[in-house]
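Consider the two complexes below, in which chain A is the common component and chain B and chain C are the respective partners.
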Partner chain A sequence: MKRNYCVSLLVLSGVFILITGCAPFVENNRIEEIAPVIFWSIDQGEEGRLSICTLVPPLVKEKKRLLTQNVHLLKEGGKLFNLIYYRELKLGQLRMLLVNEEVAKQGLNSLINTLFIDPEVSPRLYLVIIKGDFEAYIQNQLDKQPNLDYFLYRMFKHYEEKHQGEMSIVNLHTFMKNLHTPLSVPFLPVFKAGKESFTYEGTAFFRHDAMIATASGIDDQIMQLLSNDHYLRLLPIPSLSVTVGHIRSKVRIKLADSSAAVNVELYGRVEEYRGDKDILDHAEATELNDQIQTYLEKHTLELLQKMQRWKVDPLEIGRHTMTPFTKPMSDEAWLEKWQQLKFDVNYDIDIQPFVEKK
Partner chain B sequence: MNNHEMLSTGQTPISIDALERMLSNMTDAEIIDRHYNKDQKVTLLYIETLINPERLNESVIEPLNRGLHDSIYDAISSTKVSEISTMEEAEVALMRGCVILHDPSQSQWWSVLIESSLSRAIESSETETILYGPKDSFSEQLEQNITMIRRRLPLTTLKAERFTVGSTSKTPVVMMYIEGLTNPEFVDTARSKIIEIDFDLFLDSSHLAAFMEDHTHSVFPQYQQTDRPDTCAYALDIGKLTILVGNTPFALIAPITFFHLFQSPEDYINRWLVASFLRIIRYLSFFLSLILIPLYVALSTHHYQMIPMQILFVLLESRSKLPFSPFWEALLMLITLEIIKEASLRMPSKSGQTLGVIGGIVIGEATVSAGFSSTVLIVLVGISAIASFLVPNYLVTKSNTLIQFGFLVLSSFLGLLGIVLGIIGVLAHLNSLTSLKQPYFAPLAPFYWRGWMDVFIRGPLKYMKSRPEYLHPLQRWRYGRRR
Partner chain C sequence: MKAISLYNKTSAFNGIYIVFLVNRLQMLYFVLLQATFLVYPHMIWAIVAVGALSQINLILVSKCFSSELLLKGYQGYVELFGKQGVRILAGIGLLFLIVKIIVTVLGYMEMVHYFVFPSMDSNWLILSVLLLGYYVAAKGMDNTIRYVSIVFLCTFWMIGLVFPFFFPPIASIYDLFPLVPTSWTFQSWKGVLLIWSSLSGPEYLLVLLPWLGKQQKSLKYLSIGNAISVAEYLLLFIAAILFFGSHYLDKSKFPVKSMIRYLQSPIFERIDILMVSLHIFLVVFAFSIFMLMFYGGLRIVMGRSLQPGKLTGFVISLIALTAVMIILNEWIWKGYTGTNMLLELQIWLGALTYLLVPSFFLLAIKRKERLKL
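Showing the complex of A and B:
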């Protein structure tokens, strides 16, 4: 009886281990013996190879150094890192994948898939496109900011959690979802790396897995308003000497056969004004409102026309073609139609001056 | 009972020679001859350390000296007089604190109970302290303890059955229950368990519990030990029974469930929302004290991926130069903590502060600066130790430590899976336990949905209209009008 009990207990324990997908042979993950990598930077290497670099040791107050490898395969780089460093580098805490613009233009599918199928790598992995030499930037910052990798991660996390409209922060899961959703366009943030600076540049749009173009400056701001966050903390318009803040938008799109009407309701308040108008005067405030409206309409139309040329639809206007009982339009058919569309952009702006008029 | 009947039952007839032989070499035994009404001789036998000399004078000596009555029985001014006829009865009587009187003219033997009331004063409980509510607690005096319960439950239906356990200790045991309310099945089971006990020495109620419990090898107590009369009165009122043991202030309450161990008398004094919050905190603390350290070992040994990066930053920094693996580090610290805890119990109270300084500051600080332990673990051990003390029952706190060690080993080998398996094991074990043959994990398993009001939360008293269903009380409603 007791023997049967022990046997059933062993069998049950075995079943518990197997059905949960846990391997009975685990790797040595003792945290003091490993180096959990936070980021990988991937650049175009020599002879069609990939140049992978990372910072070691991550998260520990020790002298940092940059490890770089020229490899054919992503995981090959991971293996070679282990051979030249005294702690085993582990990918379980990989939080950022910084891909150079040139590599992104060739397509990210193989790189992303490698990480996506790795059970150790979390889908909360920030994907970032880099313009310039990130390696040089990190190398230059080693002594100035030893925990730069950690601070970069905190920055991405900060802007991801509350959609504030400053940056298009995208993680692996969102990117993959956009990539495999019909009539949807994946996009990623673009940062420009110089020797001394690391600056947000704009939003990169992808056709399938290859980067097509970047929207920067006012285009990126309009992109945040119309699609990504529907909110902008601040929108400076230097040509009108005004900064509008706390802008929220409601976008209504009406799609006809050969045209699309984009109606945007905008709510915000003037945060700063350095122009000649007396914005406490109703007539002059209305005039400023009209100028902002015209400015936004003009730039929105220009952005949409650029998107038509790039053959990307990040506003997902194509989804308006879907009806309950008809077959959805294919991506190719939609893009064909997308390029022919005539846009009618209308803004309905309600911007409060910062001082209430009595 | 005549001599012939005694021989047939194996009992020895009482005689002065046999009593003298029995009391030989006992310095505190006294055999005194007195004269009553000048011509009648009376022999008094007693053990002076067990009797009250003043009451002996008042109840026996002085009435005999006055000689106003015809018989000795009439002369003794005590209600606790009984006639005895066998040596066995005489031995029991002498050891209980009786004086034995022999009237040679009538060939009669009498025992008069004038026991010494040697006892400490009624003090407040040290093991189950509360801020508000009754402060009295049991003492070693059995009769006094019964009085404290009877004053709270002045009912003739409150029965007190007396037993004697222990072949050498002859410990008196009193089982109390409310007739017509407590399920008779519990009473019969407890009675038969007490009667079946065959052992020599019972110095505490826990010894009795060890012989009465259904599962000897479990770490969980199956009888609630308390020295609070209000806890006993509440238990009796909801349909449980209470067993009082002589010479110990701790009574046993049964049947109990796992959840009773988390209830404090103060729960019924605080506002119900506050009491519920405190009770939930107790459960959380119990869980936390079980898994906090094993979780640290599991995460830092196997699942570094699951640690939030901000915490990983701290953890990597504090563990980077340690000589021990997380398991050995945790084991070392937990054993050290147990040593400190055990020492603080055994040391005289005046040395307690010194121990606190040595344990808390010197060992805590020194292990970190010497590089034996990480600061994170020290913090976790501290939280875990404090959390374990939130459970009102001290015996659970002790079993908690043992389970924690088990979880520690499991987490070291299997990581989080080990902890989950451990929790499943503990829950399965709790589910299999019984207290006085009643399910230990009720009202969750078996499920009694009406019991929710006094399990994880403590509902408003006026809504707790019925007694717990899992105790199968004969009177379900607590309100008189609805019975």
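Showing the complex of A and C:
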């Protein structure tokens, strides 16, 4: 009886091999023959096309090359890369998508959707906006730092993991969620690429899927404190000759009809002081405290007003209008209100003193 | 041809098997898609409410459990409905069964095809699941029911994977607002129907009664199984809302799978593939047990249920089922409208069987008892 089962099952499978007439596996993932690329960089190409480039081979001890293609479609680039390079490029390990500022200003939706619907591409793909010419930077660094692509990825991963406030690192999923959720604004980190340098600039805000503006310097730091990470490892304030470190923030937002009170509690410690005050003296330290407070209040207010002008609300203040029992506001209604809001910014800074008073 | 003994009863089953059976049949396939259809946070309450309704329905099921007639199997059915009546009912039952089998297997295989083997011909995947299912089914009803404990152990722990989604930075309380419905549309009703349909499955236990044997505290075990399922639904759905937000959620085809994809593990990068692969235990189990029911039903319809089963008949019905499956996959499931049509059909049929079968059986039993008096 047992043999009969086996025979009939074999016959059954045999029949299906004949019917379908093809081998089940089409993809070849032999590791020696593929190049699982780590990043794609997308720039404005000629005649409205995209110029996409990547570095191959990743993590193999072999001379690295930068491949560039001018294409209409993203995946077309993926195909063309295969035609000019001896390894097949695979997207399974794609970790970063670097998009030029000019492309981002026209809207990212079509590009992002391509990657979103691809089950091979991880939702943890980092999205980065580039100012300048990333291709030139990579090309220039090829000999000096052969594994640069991998190290860049490690950098993003490092700062994403613990949310230390250095950079706003955003992955594909978070961007998509912010893009589709009402009353929230997608944002991405901006890096400036020169021939020799690759520098973090700040945070870019999006209206729908198009890049609107960038917050950099102190604006970006305040953004990290108020919404993204609620933590800053270091906050140097050169105008007060002071560096405050290990800052944690608690933000309370109270919305009224036409005004919003933003109350921020900060806890941190002075890590460096090069000014004239004697910060070991309690009274002078309090004075410094007040100065930092005024400084932050002023810049926060400025940042909020800038955001009003840009018509974006990346701090998600609009979400504070939501309650469990009411219908949420529409994006349009909130934006209307957002532009009219008067802000009242208050910082309550608690910076640890250096010496205990006896 | 030798006779085969698919339907022998050799041993009694513990009540815990009922818990496993109820729970796993309720976690079959729809639960993987549920979030996409429910979308809004207020559906949390719908899950709780429908779960409670299902509990009420299970009281009816447990009443049937204590009936001597159903314990007798085919003989009991004949006493209940008469010979012709059983044949007609079995015929109708076969239709429900076949749709359930097809949607479960094809739906699962579509997921595997989409995520794990996109370049492979999906018929191969279906064939492999079917072969596994046939192997389990050929071991007989007793062993298939026993197999559910392996299935439970292999798949139950996966619910633990959703816990990271309940903590920041992913979780934000605003994603759960508004908690009350601000508008109630036709879609919301369909969501409720989907939950009910996903909870269907325990009604099939009624035909397994001859194997499960007389259970003393059947309601207790049925309720535990149902409660675990509802808790799992809630965890999965709330996690999905926190992860996607309700406006992005309906853009995801397989929300549970996409959520697991987001997790990172230092050892194994694609936890989602592990999850999809382990889910095959459940699909194979469901397929084999439904397959045995199907074959048994087929024998009743053909009027042969009292004769010893023959291998030829079993193999022929296997081949026929395989052919139907592959043809449906080629013609219907691969197209968008076809998939939706079959899904919709199964949502309605599943809901219908769960609603009607227990009360129908109970009514028939009561009527019989009254006639006896």
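Here, the second predicted complex is superposed on the first by the 328 of 358 C-alpha atoms of A that agree within 3 Å, B and C clash if a C-alpha of one lies under 4 Å from a C-alpha of the other, contacts with A are read in each partner's own complex, and residues count from 1 in each chain.
FYI, a contact is a pair of C-beta atoms (placed from the backbone, for glycine too) under 8 Å apart; a residue touches a chain by one contact, two chains touch by 3 or more.
Everything quoted here is computed from the prediction, not taken from an experiment.
Peer 1: Between chain B (first) and chain C (second), which, if any, makes contact with A:Asp344: first, second, both or neither?
Peer 2: neither
Peer 1: Check whether A:Arg124 is in contact with chain B, with chain C, with both or with neither, and answer first, second, both or neither.
Peer 2: second
Peer 1: Residues of chain A touched: more by chain B or chain C?
Peer 2: C
Peer 1: Now for A:Asn4: first (chain B), second (chain C), both, or neither, which partner does it touch?
Peer 2: second
Peer 1: With the two structures laid over each other on chain A, which partner does A:Ile38 touch: chain B (first), chain C (second), both, or neither?
Peer 2: So A:Ile38 only meets chain B here.
Peer 1: Report for A:Asp281: first if it touches chain B alone, second if chain C alone, otherwise both or neither.
Peer 2: neither
Peer 1: Would you sort A:His173 into first (chain B), second (chain C), both or neither based on which partner it touches?
Peer 2: The second partner, chain C, only.
Peer 1: By the touch definition at the top of the document, which applies to A:Tyr153: first (chain B), second (chain C), both, or neither?
Peer 2: Once the two structures are laid over each other on A, A:Tyr153 reaches chain B alone.
Peer 1: Is there a shared patch on chain A that both chain B and chain C touch, and which residues make it up?
Peer 2: Overlap of chain B and chain C footprints on chain A: residues 13, 16, 20, 22, 26, 120, 122.
Peer 1: Of all residues in chain A, which touch chain C in the complex?
Peer 2: 1, 4-5, 8-9, 12-13, 16, 20, 22, 24-27, 119-120, 122-124, 163, 173, 176-177, 179-182, 316, 319, 322-328
Peer 1: Could you list, by residue number, the parts of chain C that touch chain A in their complex?
Peer 2: Residue positions touching the partner: 2, 4, 114-115, 117-121, 123-124, 127, 131, 134, 138, 169, 174-180, 182-183, 243-245, 247-248, 251, 258, 261-262, 264, 311, 315, 318-319, 322, 326.
Peer 1: Which bits of chain A are touching chain B when the two form their complex?
Peer 2: My answer: residues 13, 16-17, 20, 22, 26, 29-32, 34, 36, 38, 59-62, 90, 92-93, 95, 120, 122, 150, 153.
Peer 1: With touch defined as at the start, can you tell me which chain B residues reach chain A in the complex?
Peer 2: Listed in rising order, the residues are 300-305, 307, 309, 312-313, 315-317, 319-322, 325-326, 414-415, 417, 421.
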